[in-house]
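Following are the structures in question.
The same chain A turns up in both complexes below, where it pairs with chain B and then with chain C.
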Partner chain A sequence: MASQSDAPVPQSQNLNDDLNALSVDELDRLTQNILDETTSTRPLLSETSPLSVLREEYERGSGTFLKQIDYLSSKGYTHLRRARGDGDCFYRSLAFAWVESLLTSQDSAFDSSMALSLLESSLPSLEAAGFEGSVCQDFYDELANLVRRIASPGPNEPPLTPSTLLEAFQNPEISNSIVVFLRLLTSAAIRADQDSYEAFLVHPETGGPITAQTFCENFVEPCGKEADDVQITVLTKALNFNIQVAYLDGRSSDGTVNFVEFQIAPPAPGAPPPPVLLYRPGHYDILEKH
Partner chain B sequence: MSTNCRRRLIRDFKRLSTDPPGGISGSPCPDNIMLWNAVIFGPADTPFEDGTFKLLLTFEETYPTKPPTVKFLSRMFHPNVYANGELCLDILQNRWSPTYDVAAILTSIQSLLHDPNPNSPANAEAAQLYRENMKEYVRRVRATVEESWLDPEEHEKMAEGASGV
Partner chain C sequence: MAVSTRRLQKELTEIKTNGTPVGIKLLQADNFESWFLSIEVLGDTLYQGEVFALKFRFDSQYPISAPAVQFVVDDYYKAPVHPHVYSNGHICASILGSEGWSPVLSVISVCITLQSMLAFAKERKRPPDNDGYVIRARAPENPKKTRFVYHDDEV
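Right, the complex of A and B next:
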């Protein structure tokens, strides 16, 4: 039976539009996939797995998703690093991609020192947003520690490696603290610039207008609340970190995947392309080329 | 025990003992840092004024990622408090953020006494009286205030907690 999604549908990056346009069947399957992930014992962040594994999962489903996965393969993407579907997947994926990019950078010592000073300089903005300093410190420490282990590891401290980085992100205490810190950073940036952001804020459930404070209290600060374009824009800006988001949304008539750049600064000449997060409706993972 | 959880609870206790917000107090049981007894004094200029309402906070290893379970031990008559003492309060459910500490939780509950939300009632009778018959609402609340001063059963529970039995 032909799936409705095979019909040409205009591209959209709006989550609600995407979800509304899905057939009931597809929506069920997506919801089930995501629920399965949430309740499973899947690690908070996994080892990479080949894209073919993802492809297999869609083989009995929509042809459009399969075409889009093949499109990603044709563009040289080979692996997926999955985040658990717990509503924190965007923040967790982004944090990992950020620290990994510092770790693998050509000038790792310099970049990580800059990143550390950026993190330190963010603390006053958290207090200005009304978050208790000593409370923020716990969450800050976990992320800053990882970056510091790249910039200047202590004498008795093993330097950070790709495998100890993954271990850290699989440790719930460290991993969840980092998620909280990024949520606070996002919230503080929105609160600090309410006038600019309020025009772009929509209530994720009603679609109506919402104040910056209500938006932050209900949809940014609590764990488990998914991120949307505003949070992505704000957080990549706060971290001064360019990323791309690839939208694997089953909405493409010709099987291509829409890549959207969240670009803060023009990339340095010769810099590697920015990390790619793979979006599927309601979920983010990390897409990699090996 | 998770170090984050323990470190945070110790810090919460320090903050609560050195710089307590007005009208609240709380401390962990001597033999179990995951169980806290707390008291909220009824805010002035509300029907709850002069009440000393006792609560029990139960923390899991997942704190502060997940909120503690909070319930009143004292009998309450309030639109947002269930008969078993549990509360209907957004920051303890879907609006929880790990930045809230014990002081913030207790302060929020204190302001809930001040400003009930009759639109999400946990006690339908209290919500109805609050909306339609303030005089009767106040009378029922005052009865719980007087009970809160002298409540042998609850005092016994507090004493047990304090002596570590």
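Right, the complex of A and C next:
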């Protein structure tokens, strides 16, 4: 780890330089810095911090990033919940956003029991994909437990609250088991529908074609392998969960941020807007409005 | 109960109930930190008649993190002479690294993979960098601390 700084500030000679001017190697190094600096020091998932903190981190760096952060503020986004940069950040952020949306839903008892039956009904698909039931169960239990504590907490069990939810996601055993379960769910969905997905799969390192099986074994199931659009599409579909991804990539010419909707079902009338994950090259956090 | 204990109990029950695949034997599993198994390759292979012992070590994050696996080298057991196995017993196999390990794999599936690695060996020789890795004592005690460069994609 080269830097003690907490911030992924591009170490550029020219203060107005932005990511467009960086070579692929430099971009990789920058991404690696985010990963190195956040691995093992940060909580797996943090308390929210104001967007101004993120802005300060880019003040000495890229002008485009600053404009894009200001754009997010102008759209009403105020806080960032950071995930550790360990390659599991997409799955962890998505899982948290999913359970949190059940917890804060206006009809959380109903929504969480629907979610619980959705999880239960996913178990046969995992077995069909070749994962042993008893192996999946341990990972499944951790996620299902959280949802069940919203739907119908046991008599001696404290119901889930925002703070106990965060605690659960900071506990490596629970948090990583949930990440694994979502990885298996994603893999099973890809394996179940290989013909549809294979056309969209590219080898993340070579850019060449790749079979669904190799893709799943090497880039979905192992922990630490970052998710790409295919995994995001598949997983949001498997969870029946709408999200948006905001791309803070330093590449916008007018300082706006591109929001991409991964929308599975039309949102119910009056439903809150879907959670937003904030993407920076190689990393996902959760973007919030408080 | 730690994730690793829960999983290893299940694996142990499975082994005790259904037995192990042909050529794989459980030698010792009396705690949830390290297990010993033996493997041999049956049939017409370069290792006919040889029995090897594997030592598995688990941390509390197993099976999310890979087990540390090596061939036992002592007065009785030797490491197989194989292009992916160092003479100190360390193994260069992608499924044992963070790249290839996945939490759905198990002790037995690792044994099966290593068995087939031996079964398909074309020649008995050590990895080209064996002396550098082993003899000059640069190898860490735990093979998980080594960043292997995989010699080919077959394992």
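Details
Everything that follows uses one rule, which is that the second predicted complex is superposed on the first by the 254 of 290 C-alpha atoms of A that agree within 3 Å, B and C clash if a C-alpha of one lies under 4 Å from a C-alpha of the other, contacts with A are read in each partner's own complex, and residues count from 1 in each chain.
FYI, contacts are C-beta pairs under 8 Å (C-beta built on N, C-alpha and C of every residue); 3 or more make two chains touch, one makes a residue touch a chain.
Remember, it's a predicted structure, so these values are computed and weren't measured experimentally.
After superposition onto chain A, partners chain B and chain C are found to clash with each other. Residue contacts after overlaying the shared chain place A:Leu184 against chain B and chain C alike. With both structures placed on the common chain, the touch criterion links A:Asp254 to neither chain B nor chain C.
By the touch criterion defined above, A:Glu221 reaches both chain B and chain C. In the overlay built on the shared chain, the residue A:Glu132 is in contact with chain B and with chain C.
Within the superposed three-chain model, A:Asp195 lies out of touch with both chain B and chain C [touch as defined at top].
Residues common to the contacts of chain A with chain B and with chain C across the two structures: 131-132, 134-136, 138-139, 172-173, 176-177, 180, 184, 217-218, 221-223. Interface residues of chain B facing chain A in the complex, by the touch rule stated above, are 2-4, 7-8, 11, 15, 65, 94-99, 101. Listed in rising order, the residues of chain A touching chain C in the complex are 131-132, 134-136, 138-139, 172-173, 176-177, 180, 184, 217-218, 221-224. Interface residues of chain A facing chain B in the complex, by the touch rule stated above, are 131-132, 134-136, 138-139, 172-173, 176-177, 180, 183-184, 217-218, 221-223. Chain C meets chain A in the complex at residues 2-3, 6-7, 10, 14, 60-61, 63-65, 98-104, 106.
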